[in-house]
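Each structure below is given as structure tokens.
Both complexes shown next keep chain A, but they swap its partner, so chain B is in the first and chain C is in the second.
Now for the complex of A and B:
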């Protein structure tokens, strides 16, 4: 099989982006939105000022954490769809760890972050156990647990953790300002979140490409039967991969509580888990691409907040564009394979 | 008795869209294609159905529109999955998220608007019969449609030649190809047909079961339940329909339990089907494990009782078939 030249690869990438743009325009028309103005507003809303770029990075942090975590189960050919619920569980554990403190400092923040990672890891372990020992397909175990986690959040907000007097969808009592993640200047992103995310990217790179553990995990993914015969412990390794992914997602949940919302609320996960799955698919699970795609998706997410204000459109357009982009990548991949097949026949 | 019949009538109503979508997905999976996009398809077709019926003031046009959208989404999945050889699961998942956001985006201006719904059909003459009267005398058209669809699907699958072709491409595409069946085309057709049924389920939500459109509509998550019911139903239309009514009963009982436990907030009961979904799948798969099978073998009465508990999926479910790559 011949490999495509660099120019051809650029061409295919251009085709995918062009198709995505075309589909987006087609989608925008029936909503009565002028397509190019809408796209302009979208990007302006994400990039026009320093504070907006700060907000983009505060979205980038949890999104990237989830997306790099997802690479581990995927290396073993498993989808951790439960990542959304693991973010929520991380946020719940993080809030729980902070409840005894009225105020605090770095020590309490560290405890809360640790609790968040534990929560995410435990929730992922549950999905993993259901997959490995219960043989429930990870799509159903993960997805079901996402909804369960949402149910637990709602129960906590309206039940035991409700704000004195009122219980509402706006969440629990906000945490004290001394427990917030320290921000960079006036930007809404915290250096702790950025540092943790970059650490996570490097850690996942080392785990996958520089350790025996990563090599064995890859072997489990390529051939589970052989992995059993060679005593690589596929079950244990899958569970470990799930748990590390869950810990990353839980960390994302903790940064949402400590750095963004400062309380627990039903929309705490902001769909980042599902978006991270899209990022992973678009990057074909290559680590090098993940942070950049996350950055682009984060710009879309932040920019879309302007849509209802300026254009009277629903903010879900960002999700539409993200979905259309990933779909276009898959379509172009398919067309590329089809073209190559025809060349081989000739 | 009267109350029991009314509860049962409520289960029929809540189960109607679940049944329609389950039958659609059963058809698709019987042909060997997994359409994972159900959750988004249902939402987008619900939105389309409501938007069309509001614009033209005709709910049945809305149902047709919903079916069209469902078929269109399934068609996109079918073409990318069957002809372009991409992962059906991945494309289905992308379509789920894409269609959900698309529904909210395009339906923005129809949000919380009043609109027509399908109303009730009354069958004359049986309204006064005890038990049957409240159950079937006056129901939403989607209930009659869903009951008819169960019969139609069963009949098509097991009593017609088309049904044999359908099962052949799902069980053994190579053998089917050898018999001169155009495997990919048949698969695409059932993908479209299944998608149309899923679209009808979406229309049933926004025009009958939970009339109206908004964010959230109220049918979010139903698609995932349906995917689990298809497995629970063992890819058999009648058993799948029973599974759908079982989950509808759980949803209905949530409303009653809410009165019993007023301290638990209402949204918690809405997620109740999901842990039950996991437990059902767990219980079904337990039957396949070695130690359970040994245990069952030791006790003959268990063997009889567990007959038909574990079911096998269509053998070629989710597998590619490319006739050019040799048989």
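Now for the complex of A and C:
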């Protein structure tokens, strides 16, 4: 199977960005927004101060964790769309681990992080088992499990974990400040989150490219039948890939609880799981591109609030622009497939 | 390596060259809204209030961010919004919603030189607030009593319902106020038996609809009408109750609704709309902004009563009740009398004997509730149907 060179990929990415700009102009003009200023404000809003860059990285951490985790099942040609639910389950397990403690320190934080990873891994294992033994396609089981995870969150927030005298979807009682991930100075991002994310990137790189396990996983992905014949243990490997991805997603969920919201709430995943799937597709699942595309999404996310603040634009426009950017990547990917098919026909 | 160095250089240059954002200014208000600024409900009332300050205070300028909640803006926290607002030169930060309670405490302690107001909060009362954070809220209880009163004067079936948001102290005391107003009109004015009045509340789980998370207010409103309630009082930030009532009217069913929060919520809604209890944030925001500018503001817990001489005075009353086209002339006349009785203190509905929903005593016979008893209403009252908390 032919893969495009790195340069070619960059070229396609550039084309996607160009199309995104064009579409943004088309969208922005009728909305009365000067398109180039809009884009400028969006990006400046994510980069113009140290505190904003800190915020960008607080988005980058969970997003990148999910996106690099997704590379493992994808190497085995599996679409772990359940990553969203695995983030949520990680957040639930993390919150559960903290419930016995009114306050604490690094020990409790470590326990909570471990619990989050366990939660994500177990939830992913469920999707994996359904796939391997139940023959349920992982896209369907994943989507289903996402809804179940959200349902469990809602039930916990409105039921067993409700705040005293309150019945509100706004979330559980906040955790004590001693249980928050320590921040870098006054920045939103925590060095623990950053360190864990960089560790995850390196670990995934080694797993995929420097171990036999990764090689065999790739073999399983390329040809499951042959993998069985050559005793590569495809089932076990698929489940392991799912679980490691789930652990990364669960870690992302734990950082959301410990570092961002300091409580469990219905929107705890911030849709980072789904966004990470988009990142993976945009990167064609190349590890080298993933952290940068995550950074791009994080900048857009943080910059988007500058549109209403600075330009008085209706804030939904930033959502539209983000959507347009993602859409243009897929349009370009479609074009690219078409070009490739024509080349092959010729 | 040289690439990295170049990247660093570019990043540093970008930082250095970014012009200072805080230009010369007179007085900037940074407002944080939980919903859309144009929701014809809670958030729009606050937005209009801040616009009022802009119009009435020379040099005042408003910057705001709306839809500040985790569902609409994933990953954004209150301290981050506050950082931005202060970077843009805010001298006064106003956080509008109960949902921002914890975040605004954190933000206020990070920016001790800026004055913060949390509307609907009580952290000054509870002693959790840092020295630069004050609380302001209007005594919406009175307007809710008027709403309950008008509802009981209007209902034909004797079944009144409330479309409730989430359950907490604030929403319990507002629903209880509505019930007390309705109970008073039903028994004292219409002379009917309290047993024939049904007053039920259904909670959706948040201040507005979040698809897949809260109960859908449109469906809840429909089911309340379908179960025989003919007047629906809204307690949520958005206007679904009136919309559903209008649809029921088009099907030939005689129902009424009362929106909430926003003075003009009845406009254009036709005669399903009995009236609206609303916030008028302009006067209190203006007063606080002027005090902060003059350096005389002392962060306190303020709970403002209506301006009784004219509760709909746009420059004086921070809370009002605007009758809508659905209110009959007789109801209007009797409501006016009720309002003047409330204002003079002749009628105090928070007077015992009143029991909580579980039968325990809230107020003994003749006992009048203190402010704290009302603010921290910890159950619904006996005679009301609906949940006092989570199941």
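We take it that the second predicted complex is superposed on the first by the 288 of 346 C-alpha atoms of A that agree within 3 Å, B and C clash if a C-alpha of one lies under 4 Å from a C-alpha of the other, contacts with A are read in each partner's own complex, and residues count from 1 in each chain.
Here is the rule we use: a contact is a pair of C-beta atoms (placed from the backbone, for glycine too) under 8 Å apart; a residue touches a chain by one contact, two chains touch by 3 or more.
None of these values were measured; they are calculated from a predicted model.
Of the two partner chains placed around the shared chain by superposition, chain B is the only one that A:326 touches, whereas chain C remains out of contact. When the two complexes are overlaid on their common chain A, residue A:154 makes contact with chain B and with chain C alike.
Legend: residue contacts after superposition of the two complexes on their common chain; A:143 is shown touching chain B, with no touch to chain C. Of the two partner chains, chain B is the only one touched by A:278; chain C is not. When the two structures are aligned on the shared chain, A:55 is found in touch with chain C, with no touch to chain B.
When both complexes are overlaid on chain A, the residue A:30 reaches chain B alone and has no touch with chain C. By the touch criterion stated above, A:337 is placed in contact with chain B alone, chain C being left untouched. Of the two partner chains placed by the overlay, neither chain B nor chain C lies in contact with A:292. Shared contact residues of chain A, touching chain B in one structure and chain C in the other: 150, 154, 158-159, 167. The touching residues of chain A, counted against chain B in their complex, run 27, 30-32, 79, 81, 130, 134-137, 139-141, 143-145, 147-148, 150-151, 154-155, 158-159, 167, 274-275, 277-278, 281, 313-314, 316-320, 322-324, 326-327, 330-331, 333-335, 337-338, 341, 345. For chain C in complex with chain A, the touching residues are 14-15, 18, 21, 63-67, 70-71, 73-77, 79-81, 83-85, 87-88, 98-99, 102, 110, 166-169, 203, 205-206, 210, 212-214, 378, 387, 389-391. For chain A in complex with chain C, the residues that touch the partner chain are 44, 47-51, 55, 58-59, 150, 154, 158-159, 162, 165-171, 174, 186, 188, 260-263, 265-268, 270-272, 301-302, 305-306, 308-310, 315. Listing the residues of chain B that touch chain A in their complex gives 36, 80, 83-86, 89-91, 93-95, 97-98, 100-102, 104-109, 215, 221, 224, 227-228, 263-265, 267-268, 270-272, 274-275, 277-278, 281-282, 285-286, 288-289, 324.
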